[in-house]
C-alpha cells in the first residue's frame, strides 16, 4: 500500500505521484497528458511527474529531462517500490504489460496500461484477476480515442437513443508506414514482442470503439489476416539480412452484436496515403454518425427525424463549451489535436482515483477486446468460419 | 404574330417551334435542354427543335445534324420570319443580343436570351422596352444557375425566413482558363464583342444570384478590375503578333442591399485549379447556407435554431423527390449535372409561354444586373468610390 | 437475322433500331441514354427509339409517348420478331432476363441486359451460352458505373501501373430506402422476382467494379447476409397484412484476388442518410485512389511518388477534355450526372456493334459476378466459411 | 538591463524568466505555449513561468495556481522591475499594449505582444521606436497563425516559387459570436478598449497572413465596415440598459500588392455557423493553395505543373516529420490543434533571444498591419475610395 499523498505546496491539493515505464512515442504523449491535465481542468489531485523508468540509465535520464520527469529509474520493480509513486503508467510494448501491471496492482499502486491490454488472452485474464483482488486500486487501459470529444459525443448521442436501433457499424483504421518493402523488421513486426500486427495495434482500437459506441459486446466474428511482405531487412538501409515478419500486415473482420447489429472492421498498415485514418460510421433506424480521426474536431450526424428535403449529414464542429471536455479548452472553432485525448484520459483517471470509482475502459474492457482479437485470429486460421467470442461472467 | 401552334402527332400537344441562333457551347447545351425537357417533365407544349441559325451555311447544316435540329438558316432575320418558329433562342455573343431580341419580340416571337442580357445598359434598356411593348410575348434571360435544384432550394429557404435577417452574402465565380499568358485573343477578350471580361461573363451570374437569393436589388457598389496579361497572341500557338486585351481578367466588388446586408463578389479567370467554382455563402441572423457549383447536387445549411452542441452545416443532397425539379428525375442520390439547369430553364419557359405569365429572370432582371455591372465599372474607374446603382421604376 | 439497317434521312448514317423491354426507372434512364448518345458523340450508327414493350398496352403506349419511343409492343416476343429492331434492351426485373436475352440473341438481335445479368448462375450460364453460339451478335450487361468518367479514369490509372502492386480494395454501396419498417413488400424484396436483395442489386455493382478496377477475378469469398426487418406490409400505408421478406437487407463480404490483394464489400439498404453511396478505395504499393458516387465528377488520387511533404490525395475534377468520355461534353468544371453513364454505355455499345467487337462488360463478365454472389450466399449459409468462386474456362 | 540568466538545475540550460501580463483566454493559451515548448523542442534556454500579473490580487493569484506560474504580481511596472523576468509577455487588451511594451523594452526586457500590436498607428509607431532604440532586446508581435504548420508550409511553397507570379489572394476570417443581438457590450465592442471590432481582431490576422504569404506589403486598400447591431445590453441577460457599439461588426476590404496581385479580405463576427473560419486561397500563374483554420492540419495545393488529366487540389496532411515544426510532435496523421501555434511561437522566440536575432513578425510588421487597418478605416469613411497605405522607410 502506498503512503498517504502529500500536499502540493502551490495548490494545496493532494499529490498524485506518477511513475511511467517506457518513454518512446507513448511515453512522450502520456507525459504531455500528465503535465497538462491539471492546467486545463480543475483536478482533485495534483499529478506529479515523479519518475520515468527505462532499462538504459543514460537514456532514461535524458528522457526525464526532456519530458519533464523529476527522476529516472532503470528497474520497474524499484519504481513500483517507491512510496512517492501512487500510479504506474505502463507505456512499454505489450509483452511486458501483464508482469508490470500485476506487480504494480499487488504493490498497491493504481495502474494505467497502454493498449492493447496484453499480447494474449491469458495475460489479460491475469491482469483482470489482479485488478479484482485489489479492489481499492484503480486499473485502466489506455484506449485514448474514447476521449476524443467527437467520439465521446457520438457515444452520448447513441446512448440517448438518437440513432434508434442500430443496424451497422463499420470501422477502418488505416495507416501506410509499411508500404515500403524495405522498412525494417522492428519490434512491432515480431509476434513475440507485439503479439500481433495491425490486428492488435490498430484493430484493438476499433474493436474497443465499436463496443464503446454501441454499448454492446461483440459475440462472434469472422476474420482474415494477411502479411503482404513476409520478409524485411533486419536493420534499416539497403542490403543486409532479412528476417521473417511474424505478424499480420492487415486484418479484415466482421462482428455480430446481441442486438442484431452488424460490424465490419478493417485494419491495415498498407493503405497508401492514409496516415492515421481511424474512421467509423454507425447507421441506426433513426439516424447515422460518421467520424474520421484525421479531422478529429468534427462529428457528422444524420438526424433522420428531419424532414427529407432538409435532412443531411451535419458537420458538428465539436468545440462548443457544452461538448465533452471542451469546457477546459478554447473558444468555439479553436480545435484540439491528437494529444488532447491523453489529457482527457489523465483527467478522468485522476477523478476516478480521487472518487475511488473504477473508470472505463477497465482491464475487463481490455480483456474483452483481447478475446475478440483472439477470436479473429482463430477464425482466420479456420477459413474465416464464424467464431463465437468466449466471455466469462466476472466482467 | 406567329401562326397558331400545330399539334404534335405523337403527343397531341401543341407544338412550340424553336429557332436557335448560335450553335457553339451555349447552343449545344440549349439543344440538350430543349430535347430533354419534354421527356423528363410533362409539359403543356411540345418543344420542337425547328431550326438553328448561323452565318456559315455548311457549319449551320452540320450543327443542325449534330445537335438534332430539323433545319438550318443562315440569316437570323429569315429565322424570325418563319411561321413555324414561335420562340427565338439567342445563343450568340453579347454584341448581337439586343438587335436579334428586339426584332424577334417585335415580330411576335417569344425570346430566350443568353446572359449577360447585353453588352451595355442602353442595349439592355432597348430590350426591356421591346418586351414591354409586346406584353403577349414572353422574354427571359438565361441565368440558368437559378434553376440548379440546390440554388432553387436555397432561395426557398431564404424566402421562407429560415435565415432571418440577412447579414452577408459572399460569392465567387472562379475559373482558370486564362492563366497561360499565351492563350490567344478570342472574342471573349475583346470589348467590342464581349462587352467586358470576367465581370460580364462570370460576374453577371453571381450578381443575378445575389439578387435572386436575397430577393433584393443591389443599390450601390465599390469595384475594381484588373487585366493581368495585357497582350495576347492573335492566333493560337507560339510566336506571331499579339493584340491588346481590352476586357478585365478579374473583377472584385462589393454591394449593399436595402436591408443592410453586405455582398462581396469576386470573378476571375486566373484562379488556377478552379474550373467552374461558383461558390456562395449567405449568413443570416438565424442560419447560413453555402454552395459550390463544382458539387452542384449539395446544399450546406446551418440551422441556427438547433441546440449549439448539435448544430452544424448539414450537407443536403438535393436529390429528393420533394426538392425543386427533382420529381422529373432519378431516385435519391442519383445526381444531376450542369446541363440539367438548361432542361429546367426550358421546362419553366414552356410553362410560362403556355400560361402567358412572364417568367423570372425577366429582361428587366437582366437589365438590373447590367446596371450593377456598369456601376462596378464606373466605380473601378473612379478609385473604387462607392457608386449607386441607378434603377428606374418600370421594373 | 435482322434485315440490313436502313439509312437515316438526316444524317445518312445506318439506323440502329432499338427495342426496349420495360419502362420503369431503368427504362427511363436507358431512353435518355439512347436519345442523347448521338448528340454528344459522333456515332457510326444512328440509334432510333423504335419500340418499347410492356405487358399493359395503355401503360406501354403512355411510356412510349413520355419517353419518346416511336411505337409500343405488349409481347416481347413480337418485339424481337420485328425487322426494324436490331438491338433488344432488357430493363425488366432479373427473373425474365434469361428468357428474353436468349430468345433475342437466337433471333439475331444484339442485346443489352440490365444488371445483375440473371437471378441464378444457371440462368446466367444459359445467357453466356446463347451469346457464344451467336458470335456475330453483341451481348452486353449494363454495369453502367464502369462508364462514370472518374471510374474509367481510375481503371486507366491502375491499368497503367500507377498504383503498383495492389494490396486493398474496399467498396461499399449504401442506400437507406428500407430503414422504415413499414416500407412495403415490393418485387425487390421477394426472392422469386429479385433473386436476392442488397447483394444482387447493390453488391453486383461493387463486385463488377472490383473486378473491373483490378483487372482480376475474385477467386474466393467469405460472406454474411442479414434481413433486419423480416416482415413488411403487403401494400403501402398503415395496417394490413404483412408478408415475408425473402431477400437480404444487407450483405458484408470479403474477397481474394490471385495477386494477393484483399477486397472488402458492404452492400446495404439500411444506411440512414446514404442515398446512393457507392464508394471505393484502392490501395497499392505506389499509390491509392478513392471515389464516391455521390460526388461522381471527382476522383481522389494519392500519388506515392510525390515527396512526402507534398504528397496528398488530390481531388481530380474529372471534367477535362482529355478525360474518358469528356470530349463529348462541356468545358472543364461543368459536371455530369448519373444518367450520363447510360449515354456512355449507349455510345460504346453502338461502336461495338458497328465494329463487330464484343464490348465489356460481356455476358461472361456478368456471369462471373453472378458466381461471386452465389459464392457469397453459399459462404453465408456455411458460417461464413471461405468459399472458392467456381470459374470455367470458356470465358 | 536584466541580470544574467541563471541555470536550470535539471537541464543545466540558462533560464528565461517570463512575466505575463493578463491571464484571460490569451494568457491561458500563452501559458500552455511556454509550458510545452521546451518539452516538444530542444531549446537553447529554459522558459520558466516566473510571474503572472493582473490588477486583482486574488484573481491573479488564482490564475498563477491554475495556469502554473510561480508567482503573481498586481502592477505590471513591478513585474517589469523584477530581475528574474527576462521576457514580458503582453496578453492584455490593445489599449495597454503600447505603454507596457515601451516600458518593458526600455527596462531591458524582451517583449512578446499580443496582436493587434496597438489600437492606433501612433501607439504602434511608439512601440517600433522603442524596439529600435533597444536593439539588444527582442520584440515580437503575436500573430500566432503564421506558425500553423500548414500556413508555414504554404509560405515556404510560395517563397520557393511554386505558385509563380501571384494573381489573387483572398482571405476571410469569420466568426459568429455576435449574431445574437442580446449578446452584451463587452470591452471588445468599445472603441476605447478594442480600437476596432472585427477589423482589428480578425482583420489584423488576415492582413498579416496576406503579407506573410506573399512576401509583399499592401500598398493601398478600398474598404467598408458595418455595425449590424448598433446597441447592446450593458450587462448579460434580458432587459436592462443598452449602450452604443462603437466598433465594426464586419469589415470588407481589398488590397493591392506591388507585384500587381489583388487581395480581398472579409472579417465578420456575424457569419452564423462559422466558428473560427480563417480561410485563404492564393492563386498564382503556376498553382494555387487553400487553407481553412477549422481543418488546420491540412493544406490544399494545386500544382499547375501536373498534366491536366491528373491535376487537382491535393490535400496535404501537414503532419510529416519534414513539415515545419512537426519534428517535435507525433507520427504522421496525428494532428495538432490551435494551441500548438503558441508552442511554436514560444519556441521560435526562445531561439531568437538566444541567437540575438530579431524574429518575425517584428513590431515593424505589426505596425505595417496597423497602417493597413487604418487605411481601411479611412477608405471606409470616404465612400470606399482607394486609399494608399503610408509606409516609412525605417522598417
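Of note:
We call the chains A, B, C and D, going by the order they appear; numbering starts again at 1 in every chain.
Keep this in mind: a residue touches a chain if its C-beta (ideal position, glycine included) is under 8 Å from a C-beta of that chain, and two chains touch if they have at least 3 such contacts.
Remember, it's a predicted structure, so these values are computed and weren't measured experimentally.
The greatest centre-to-centre gap from chain B, using C-alpha centroids, is found for A. Looking at B-C alongside A-B, one finds more C-beta pairs in contact between the chains of B-C. Centre-to-centre separation between chain A and chain B, using Cα means, comes to 55 Å.
One inter-chain figure worth recording: chain B and chain C are separated by 35 Å, centre to centre, where each centre is the mean of the chain's CA atoms.
Residues of chain C in contact with at least two other chains: 274, 311-313, 317.
Contact residues on chain B toward chain C in their complex (touch as defined above): 10-11, 25, 29, 31-32, 35-36, 39-40, 42, 65-68, 175, 177, 274-277, 293-297, 317, 319, 330-340.
By the touch criterion given at the top, residues 163, 167-168, 170, 172, 174, 176, 179, 181, 222, 224, 226, 228, 250, 252, 254, 260, 262, 264, 266, 268, 270-274, 281, 283-288, 302, 304, 311-313, 383-386 of chain C touch chain A in their complex. Across the complex, chain C is touched by residues 153, 300-301, 303, 308-317, 320, 322-323 of chain D.
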